[in-house]
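Two complexes come next, and they have one chain in common, chain A, joined by chain B in the first and chain C in the second.
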Partner chain A sequence: MNDEGRVRKATGFRLFWITLWARAYPRIVGTTREKSWIFFDTLLPVMGTTAYIFLYRALNAPPDYVGFVVVGGAMTAFWINVLWSMASQLYWDKDAGNLELYVLSPGPLMAILAGMSVGGLVMTGARAAAILTVCSLLFNVTYQINSLPMLVLVFVITMAALYGMGMVLASIFLATGREAWHLSNLLQEPIYLASGFYFPIKAMGFWVATAASILPLTLGLDAIRQLLFAAGPSLGFLSVKAELAILSVLAVVFIAGAYVSLYKMEEIGRRQGRLIERRR
Partner chain B sequence: MLEGQIEQPFDVGSIEMAQQKGSELVMQPSLSIQTQNVGRIYKLHGPKKKDDAKEVIALKNVNLEVHHGELFGLLGPNGAGKTTLIKVLATLLLPTSGTASVTGYDVVKDVKQIRRAISMVSGGETSGYGLLTVEENLWMFARFYGLDTDTARRRIEMMLDVVGLTDRQRSKISDLSTGLRQKMNFVRGFISDPNVVFLDEPTLGLDVGAAREVRGFVKDWMREHPDRTILLTTHYMAEADELCDRVAIIDQGQVLACDTPENLKKRLRHEPIFTLKVGPLGPKPSHDGRIEAVPGVRQVRVDDVDGHVTLNLTLAAEDALSNVLAHISGRGSKLISLEKNEPTLEDVFVDMVGRSLTVDTSQHGGGQDE
Partner chain C sequence: MSLAERLMDSSLMRRNNALRSFTVAAWLGWQIESNWADPFLFAIYSIARPVASVMILVVMYSVITNGALDQPIFAYVYLGNALYILVGQVITGVSWVVIDDREHYRVAKQLFTMPMNHALYLLGRGVARLLIGTISLIIVVGFGMIVYKIPISAATIDWPVFLASMALGITTLAALGLILGALTMMMARHFWVLGEAVAGALYLFCGAIFPLETLPAWLRVVGFAFPVTYWLEVTRRALLGPDAVGFPTLVWLSDKQLLLILVGSALLMVIGSMSFYRWAVYRAKDKGILDMETSY
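Now for the complex of A and B:
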């Protein structure tokens, strides 16, 4: 067991970077190891989406509404991932004993959360792409992309803001000490409504839509629909540029908020002993 | 510091001998771990919000000095405060009073420096992710310590070989038995080449064979890394006796004694200890007629086992044994066997606190965590 001298270790940004990818790894390989996601995370959301599609068809809504619902259904996967695999994750990691090992290691906690986000994004991206492909083929959805670079930019900024929010929620869930799944259940359905997953958010009126814009998915989804469908701009809440600007602010605020809340959580945890307590 | 540079979290020669001012800790360069009057109080809330928080004293004025190269044991019953002390030293918990340092750094202020130098393995640990293999889990944790992939893989292979887990390298950890999983946890704890390792009840729940292998691993590591430090908590006296250079006996948050196992046992050596196996002792006598009241008997532990009685006796002098034998005979019992014992750490503990190590004292204080 002779180590032949001390082991070389990275510090600073290099440590942040390798910690991030190390934590992302379980989620990325999980996509290929746990095949059950194909049923639970693809076919079940497709069924939910299909119900709304038939509803719009029964009401003779414009054809682009079908596309709206399909995109909303695909984006739902990201919200579910943020809620159940980001916001609740530190809480579950505490119960498994991983949290204290994360805190104990020199790898920054922020890098651990960022790694969870990147891993979750890759994993969920595959699920969202599967939902989008299956539904588009089944219901013959027609896309009319206005600007591909803008579409990519909106998606990236939306994800940054959304996963930033997930990182903030992770600390809040841990700090509240309540059962994580209760909080997740509490948030899941209201946000389906407020984000306009299955209808244009403009339909809720200016003030409600404005209030709902604190959720990154609300504006992100609205902007993506405007960029993907011919009828999108006429049903959009704000202009794409305005929505992109607000999303950028949200991304910065949430990521900075995640940093602050994470270190506050650690400080409170060390003071009150919450980092080491376990549910029994 | 970029990857490629060797990190030395603790340079013995570079530590300045600070002068003690108020509660400032005076760190001695030969010390790996030092605590001065460390206390920790938990506030426990009742089921209702309006209930007042109850304070539980987990640690009280703990003073310890652990040297580089020492395998130091904290011996005490469940709930004594051992785990709380480890969590304070591992920067997971703040002390409510006193000061502590690890590798020369303050546990409150110098968290980053300490975390680069330490590692921790707990008994019954279920950390890691079940869908990853043993190798992948270890790689992940090695990366959190800044090891590059080549170094991590080389060390994983080497250490899995040491603990005999090479053939399970590509098994999912959800498929491992408790013993195999604990071996993997050991590899995780040592993979980062730490200066100080905290082992919290490392053999808890392991069968005899697995526990022996784990202890062998610890001994080998210390022999091959004579400049490193291990702080081990256990409530298994034999484990502390076998492994530790020095032992602190801790109970209800307080350190009662600290010395080598040999010196601790010497405290009792002038008092002969005997184990007597006798037949049933007849009806329970009055207070004055009990064996504790026999002249020369300092302490006695009575266990009823399979129709006979085992008496563990600490006597003031060997000639008191005849009094005991007369007492047994007077109660209508017969001597089956008699054995003179060397004192154990358990005997030291019983002598100090008046009860066995197996008694859980968590209701009195100490471990919400053990």
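Now for the complex of A and C:
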């Protein structure tokens, strides 16, 4: 409100910024208000990851492989978040009746997606940190960090590319209707396999690893492991610098792609009158 | 009149409420699971996920053993993982119905006012996932036999033990699914992850891919308490034959003893799950949350 009691309307970048934080807010605040996620989203998923750790132990694998699984297990939280809380989110919102409110509000849809990303990143970061801490303590994982600034940079760029990809998927999933549900299901285990969540991606062979590099987590995980573990560099697919460069390109491409695909899908949805239709 | 319509119109179906509830729910479940896409896409969807989960294990095993997939124990590990597909599908298949009806289709209220057996309706809806899981299992095992030379042949399979173990195992899993479904009725949050989380937890404790001896002693007890542990053991023995190399955990038990344990645990699970289900429905009605839509 200004001095005359009139509402000061936000426009341009300020509107984008306000919308972004408005959408991120419930996800960030939800993490601190509702603590039950610590059990359901951390301890329960840890058990599934732990099974792979015990498999490596049963096979007498080198200790660093246990660390590989722990880091991979923590990163699954981000992929699950991107699939179910980014890619499928607009579909859920359509189902719950929120999408029509988004469309009617002056806030840009891109800002809403970006807000979901920021909120999801904070929310999932807390979950991933919890998984990492619990598993590292339980299994005595030894980290040998080569370069902390590089590690932070790789993580940030990976997340930018990953959530950019999530935004692209969100617009695609919105168009696919209830197939979105099945698509999300379909993209779980196959992506764990293709991205090498539980083993070094190098083991898949050069061509498979190259093809899988379109997924930001493939190179992101590989680079993070190289920077975190003594055995990492010898088991890495490409050099960390090369992976960082590719990830940067992926981040730009996915975020730009998200902008284009979102507005394209919105336009098609409006033309066909199916943007907020809930039957599909 | 189609075959399905004739079946539904038969006097047996009209007279038997339980059978009708189960059969109609199974048909409905299949329609919901399969009618969203063309058959080819549906087949890919049904196959890709389980095959990928098995391939994760194959790559992990291969990385550490330098590709020694011809080791006898690999077949045991591979089969454990393949059979585990059914665990996730059956458990979540049954329990997910509550979420689907309550949150997605919003028909929980209508379903409870219909003249049907709701527990059998839940189990019937799970049949579709069981079918998908069975097809995936057959494909994964076939893939293993062709690509990794898993030594299974029709002549060496102990069919009576195999069929008995499958029937008992699926009954036990369905009962567990019903318990989770009943729990879901009383949950307002996190119900989305319940089925998969329990399936993930069981994966750790039931010796599917590594012997229970690898777990700390205090955790092994959990594994011995789960019927799934015995089901996986006896089914693998029946499929691979008496000379197969397996985990040492349950070598002191014969096939018959394992089946007896399974009979006992299946009975316990069925009785326990029905009692728990009735209690959960009563409690949900008492609290007025049976048809709540949480949008969580």
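Criterion: the second predicted complex is superposed on the first by the 269 of 280 C-alpha atoms of A that agree within 3 Å, B and C clash if a C-alpha of one lies under 4 Å from a C-alpha of the other, contacts with A are read in each partner's own complex, and residues count from 1 in each chain.
Just so we're on the same page, a contact is a pair of C-beta atoms (placed from the backbone, for glycine too) under 8 Å apart; a residue touches a chain by one contact, two chains touch by 3 or more.
No experiment lies behind these values; they were computed from the predicted model shown.
Visitor: Is this a clash or a fit when chain B and chain C both end up on chain A?
Guide: fit
Visitor: After the fit on chain A, how big is the angle at chain A between chain B and chain C, using C-alpha centres and going to the nearest 10 degrees?
Guide: Angle at the centre of chain A: 90 degrees.
Visitor: With both complexes superposed on chain A, which partner does A:11 reach: first (chain B), second (chain C), both or neither?
Guide: So A:11 only meets chain B here.
Visitor: So, A:96: does it touch chain B (first), chain C (second), both, or neither?
Guide: Touch status of A:96: both partners.
Visitor: Answer with first, second, both or neither: which of chain B and chain C does A:37 touch in the superposed model?
Guide: second
Visitor: Can you work out, in whole Å, how close the C-alpha atoms of chain B and chain C get once everything is superposed?
Guide: When the complexes share the chain A frame, the smallest chain B-chain C C-alpha distance is 7 Å.
Visitor: Hey, what residues of chain A end up touching chain B and chain C alike?
Guide: In chain A, residues 34, 96 are touched by chain B and also by chain C.
Visitor: Looking at the complex, which residues from chain C come into contact with chain A?
Guide: Interface residues on chain C, with respect to chain A: 36-37, 44-45, 48-50, 52-53, 55-57, 59-65, 77, 104, 189-190, 193-194, 197-198, 200-201, 203-204, 208-211, 214-215, 295.
Visitor: Which residues, counting only chain A, touch chain C once they are in their complex?
Guide: 34, 36-37, 40-41, 44-45, 47-48, 50-52, 54-61, 65, 95-96, 178-179, 182, 185-186, 188-190, 192-193, 197-200, 203-204
Visitor: Flag every residue of chain B that touches chain A in the complex, lowest number first.
Guide: Against chain A, the touching part of chain B is residues 1-8, 42-43, 83, 87, 90-94, 112, 115-116, 118-120, 122, 125-129, 131-132, 136, 139-141, 143-148, 151, 155, 158-159, 162, 192-193, 220-221, 224-225, 368-369.
Visitor: Considering only the defined contacts, which chain A positions touch chain B in the complex?
Guide: Touching chain B from chain A are residues 1-3, 5-12, 14-15, 18-19, 21-23, 25-26, 29-30, 33-34, 96-98, 100-107, 112, 270-273, 275-277.
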